[in-house]
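First chain A sits with chain B, and in the next complex the same chain sits with chain C.
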Partner chain A sequence: MSDIVSETVPPQKRPFSMPQGLGQLIPAAVFLLLLFNLPILMMLGWSIGPEGDAFKHYAALAKGSVYMKVLGNTMYIAVLTTLACCVLGYPLAYWMWRLSPRGQMIALGLVVLTFWISILVRTYAWIVVLGNDGIVNRTLKYLGLTENSVAFLYNQVGVIIGTTNVLLPFLVLPLFAAMLKLDKRVLQAAESMGASPSTIFFRIFFPLTIPALAAGAILVFILTLGFFITPAILGGGRVPMIANMLDTLVNRMPRWELAAAISTALLVFTLVFYAAYQWVEKKSRIQ
Partner chain B sequence: MAAETTFSGPVSRKERAPLSRWLIDVVGVAILLFLCLPIAIVIPMSFSSADTLEFPPPGFSLRWFESFFNDPRWLEAAKNSIIVAFASSTLAVILGSAAAYGLVRATFRGTRVLEANFLMPLIVPQVITALALYIYLAKFGLLGTLPGMIIGHTVLGLPYVVLLMSVAIRSFDVRIEQAALSLGASWQLMFWRVLVPNLIPSMLAAWIFAFIISFDEVIITVFLSGAYDTIPKKMFNELVLRVNPTITAIATLLITFTVITMGLIAWLAKRGGVSMPR
Partner chain C sequence: MKTIVRSGLKALALGALLMSSTGLAQAEVKELRMIEAGGPSGESIEVGYIKPFTEKTGIKVVRESPAGLGKLRAMVEAKNVTSALNELSSAEYEQAKALDLLEELDWEAINPDPIYDEAKQDKGLGWQYYSTILAWRDDAKPLNGWKDLWDVENFPGKRALPDYPAYILPMALIADGVEPKDLYPLDLDRAFKKLEELKDHVAVWWQAGAQPPQLLKDNEVQYAVAWSGRVTDEPGINYTFNEGQLDLTFFGVPKGIDPEQKAAAMKLLHEVTVAKNQAAAANVVSYTGPSTELDPLLPQDRLDKFPTASKNKAVQFMMDPKWWYDHADEVEQRWQEFKLGL
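This part shows the complex of A and B:
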């Protein structure tokens, strides 16, 4: 973008001493610096203990079995949710890719619509679906598969179902976009040389879409790590995740230093995975 | 966007074994249904006449909509939601559009770093942003105030505005600006007569995005709002405690609101060349 400008407006002609674009950037940059970057840095500061014992709060974190259990639980749920999103998201994106343009538009519209509807609304519906007297349980009983209600709510299963439902579009939308960008001629070439449809899929189509799938999976994983609403509602306090623990530590206990230490750990973790996401996403674009 | 593509599936559709094709269709439709199930459930439930969450609803009634519109606490929450969403999305659009313009037209080094920083609030888990702002705003006595909430929501909406407006400004030919300037227009005149009229559809779309982001926001609100209620915060608190069918009516209202605004954005996008962020 800067190339175009420098081509059309030679630098020596610019009358201002301030570089072009800087004036427009300053207000938002200062706003974020003061109200986002600085608060986060200060929070990192909170996590560091008194002099001589800088890692006091981190040590408390590592020793407290409750905290480690919540961290482990969060990881576990994040991994399972990511897997579920991959298993459901890939076939959905593939099916959408095969539809006619009109069908693609309708399916895409529905996915984007769910994406933009309040997470609260989407989570709420699962109480009705998965409750003890909900649709799923009544169907199971009607079919004679179970006599007593199966507990889906207020445990890990409910949280994973709800979180998967909420985060699925984050995987499907970029994956579908990547599939559309795939060069059709590669598939045609394989076909003209006698490859069977399943060979084309497993040897060409699927390998070419793996980077996009991986990028989507990392994105879902990051989002699940910091997820708050769905675990709080569908877990009913029995499936504590990092975000919910932070809420408790700050708003009820208050133990800010410990919360700051946990946040720092979560932040570092998220940024590491985000770097991985960027790397994989770049790769998926090259192909 | 994908909708504009003329691509019509792989070449070998007709020759593919019908069974596997049928299987893919069934699986695809089933997963799409799973995705849409919550909406399909909530809307009919909001018109239910039952006291409990029964599905399918035993009869039709508008009682849950009445209970929403007759409850001053919900209306108060709606008022706060609208104030915060309106103020924060306006602030985000002003700051974010200018920043996007700066990013696209900048001629100096280091814009990459700035751009990455503008997008940071999208990447950092919201609970961390909420916690950091909680500690920070407490120092300035802004905790539990409307300005504090507006600040939090602006931080969150800003990345979306920067993303959307960068795309719109990139597709706006810089030579049109240069033509106006070289013909003797002052920068102010060029800004009001050339830039603003061309970018206003995109800015409106970005404003709507930021508005929806703020209107749906829970975590930052829970941390920063103190005694103030917003619609999502009150919904969240009620959902954690007990199940109140009034929420189905609010959910239906929110879905309607989202569908209308999405249509509006699609319409604006056609006029302004905005593309939907992922």
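This part shows the complex of A and C:
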């Protein structure tokens, strides 16, 4: 199979040369350095010290197990959100891929449309739908299926519904793009050799889209780590996530040193996942 | 004659000099910035205090929200003080004092009208009383205190409680039988134990003051602990001040502020102490200022909505900001721990 791919899609060969227009990059680089990198370095500085006990705040972080637990809880929510996005997003992207070009445009428009509505409104709207006195619960009660309201919201399920709702396009759009780039002749070749539709899907189509799926999944995972509004509203305040805790430490306490240590730890985690994303993404492009 | 002319000229010159210098001073402070909590409370600052201040001095006031210790600390530590006044909760005021983030107030310049002593601090002016009280939907069975909120047998329904330890732990202790006057030092173990009893009946732990009235109206919860100004004027919501927690919010001046700005801020603070202005502010949101002479100026038919109306003040307890400041770290850790166990 890989032979066919390499024959139909010749690998691009780019001669190595000094990047052109390096000079034009300087303003942007200075801008980023001053307004982005420098503040991050200052944050790193806050997390270190006082003199003689450089890692005091990191020690406090490791010892005050509650902060690590919240960080762990955040990762857990992110994993579940990623799984939910994959399970919902892959069939959606696949279905879109099989539509006529016109249908694809419409479906794509519907997916992108969600970006037009404020995340706050979309999050709050879930209360109207799934709340204790929302449409779903009232219908269930009316039908006599349940006597007490089903707790869809104000727990982990509520948070995951919210994050998945917001992040699904981030998985679907790149995945769909990758599917479009797939060489259909590969699939036709398999079909002409008598492979069944399920064989074609599981042995050719799916493996070829795994890198894009993995890249989208890592992206969703990273983005979930920073969610703030969703846990505050749909979590009912009972699903502690790291962004909300940082808000408390920065704005209310204000314990900037500890917040800086937590942020640095989070940054390191995120960079590791970002490196993984880059690696996977690059691999998917080569294929 | 000559001397008269000369002295007249001198007086003229002096007058001109004085005028130009006052003119200069006015020219320098054209705008004052303040950071406040926002929402209806911010509107009340605009109507009650900023309007008369701007009419008298010609100085425009720009409001910014929300407030928070983080912003104050950032401003002072960066030595770039952009706002002349900062709103602080009572516990934040203690914290800001300890971190040396505030200027001394110039009480002579403020020249306050009569206000309660607790509002008159070295580095802060207590400008607004608010209460944390019980509220419920009109169609729910009325409550009369914290014991009732914990009594889920007789008062069934979902609850919304504050995601702030200082606004719920004292209530838990009262529900457990502690007299309000014996609350401090707070027995944290006992308070958290009592809170554990109720946690399964709490649908939402709220962070924004606007949440409880909305949750009650949407029938998401039937009972809520809420800030008084958010619920007392809402149709369909009932409340009681009984056993409520009375608290005072402060205005402070960030350390390192420009002296001209500070002088102008003192004039604005004077307006804050005027009973008539406080009555105008209370018309916007049912929180009350610190004037000792406010009651007769408030709309008498709505007197039961105000935290400091004598009938309400008598049945509430004051929060102890010093204790909360002293135990901030321990409380926060235990609070997070508690929420992780939800």
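As a convention for this text, the second predicted complex is superposed on the first by the 254 of 287 C-alpha atoms of A that agree within 3 Å, B and C clash if a C-alpha of one lies under 4 Å from a C-alpha of the other, contacts with A are read in each partner's own complex, and residues count from 1 in each chain.
The definition used in the following text is that a residue touches a chain if its C-beta (ideal position, glycine included) is under 8 Å from a C-beta of that chain, and two chains touch if they have at least 3 such contacts.
Just so you know, these numbers come straight off a predicted model, no measurement behind them.
Asks: Touching A:Ala59 in the superposition: chain B (first), chain C (second), both, neither?
Replies: neither
Asks: Should A:Gln104 be classified as contacting the first partner (chain B), the second (chain C), both, or neither?
Replies: first
Asks: Please tell me which partner, chain B or chain C, touches more residues of chain A.
Replies: After superposing on chain A, more of chain A is contacted by B.
Asks: Who does A:Trp95 touch here: chain B (first), chain C (second), both, or neither?
Replies: In the superposition, A:Trp95 touches chain B alone.
Asks: Is A:Trp256 contacted by the first partner chain B, the second partner chain C, both or neither?
Replies: After superposing on A, A:Trp256 lies in contact with both chain B and chain C.
Asks: Touch test for A:Gly131: chain B only (first), chain C only (second), both, or neither?
Replies: Touch partners of A:Gly131: chain B and chain C.
Asks: Determine, under the contact definition given at the top, whether A:Ala232 touches first (chain B), second (chain C), both, or neither.
Replies: both
Asks: With the two complexes superposed on chain A, say which partner A:Val70 touches: chain B (first), chain C (second), both, or neither.
Replies: The answer is second: A:Val70 touches chain C but not chain B.
Asks: Could you list which residues of chain A make contact with chain B in one structure and with chain C in the other?
Replies: The overlap between the chain B and chain C interfaces on chain A comprises residues 127-128, 131, 232, 236-237, 250-251, 256.
Asks: Write out the stretch or stretches of chain A touching chain B in their complex.
Replies: 1-2, 4-6, 8-9, 11, 19-29, 31-32, 35-40, 42-43, 46, 88-89, 91-92, 94-101, 104-105, 107-114, 116-129, 131, 134-135, 165, 168-170, 173-174, 176-177, 180, 184, 187-188, 191, 197-198, 200, 222, 225-226, 228-229, 232-233, 236-237, 242-243, 246-247, 250-251, 256, 259-260, 263, 266-267, 270-271, 274
Asks: Flag every residue of chain A that touches chain C in the complex, lowest number first.
Replies: These residues of chain A touch chain C: 64, 66-67, 69-70, 73, 127-128, 131-133, 151, 154, 232, 236-238, 240, 245, 248, 250-256.
Asks: Provide the residue numbers of chain B that touch chain A in the complex, in ascending order.
Replies: 2-3, 5-13, 15-17, 20, 24-25, 27-29, 31-32, 34-39, 41-42, 45, 53, 55, 95-96, 98-99, 101-108, 111, 114, 117-118, 120-121, 123-129, 131-137, 151, 154-155, 158, 162, 170, 174-175, 178, 212, 216, 218-219, 222-223, 232, 235-236, 239-240, 243, 247-248, 251, 254-255, 258-259, 262, 276, 278
Asks: For a test of understanding, state which residues of chain C touch chain A in their complex under the given definition.
Replies: Within the complex, chain C contacts chain A at residues 68-71, 73, 92, 95, 158, 163, 202-207, 218-221, 328-329, 332-333, 336-337, 339-340, 342.
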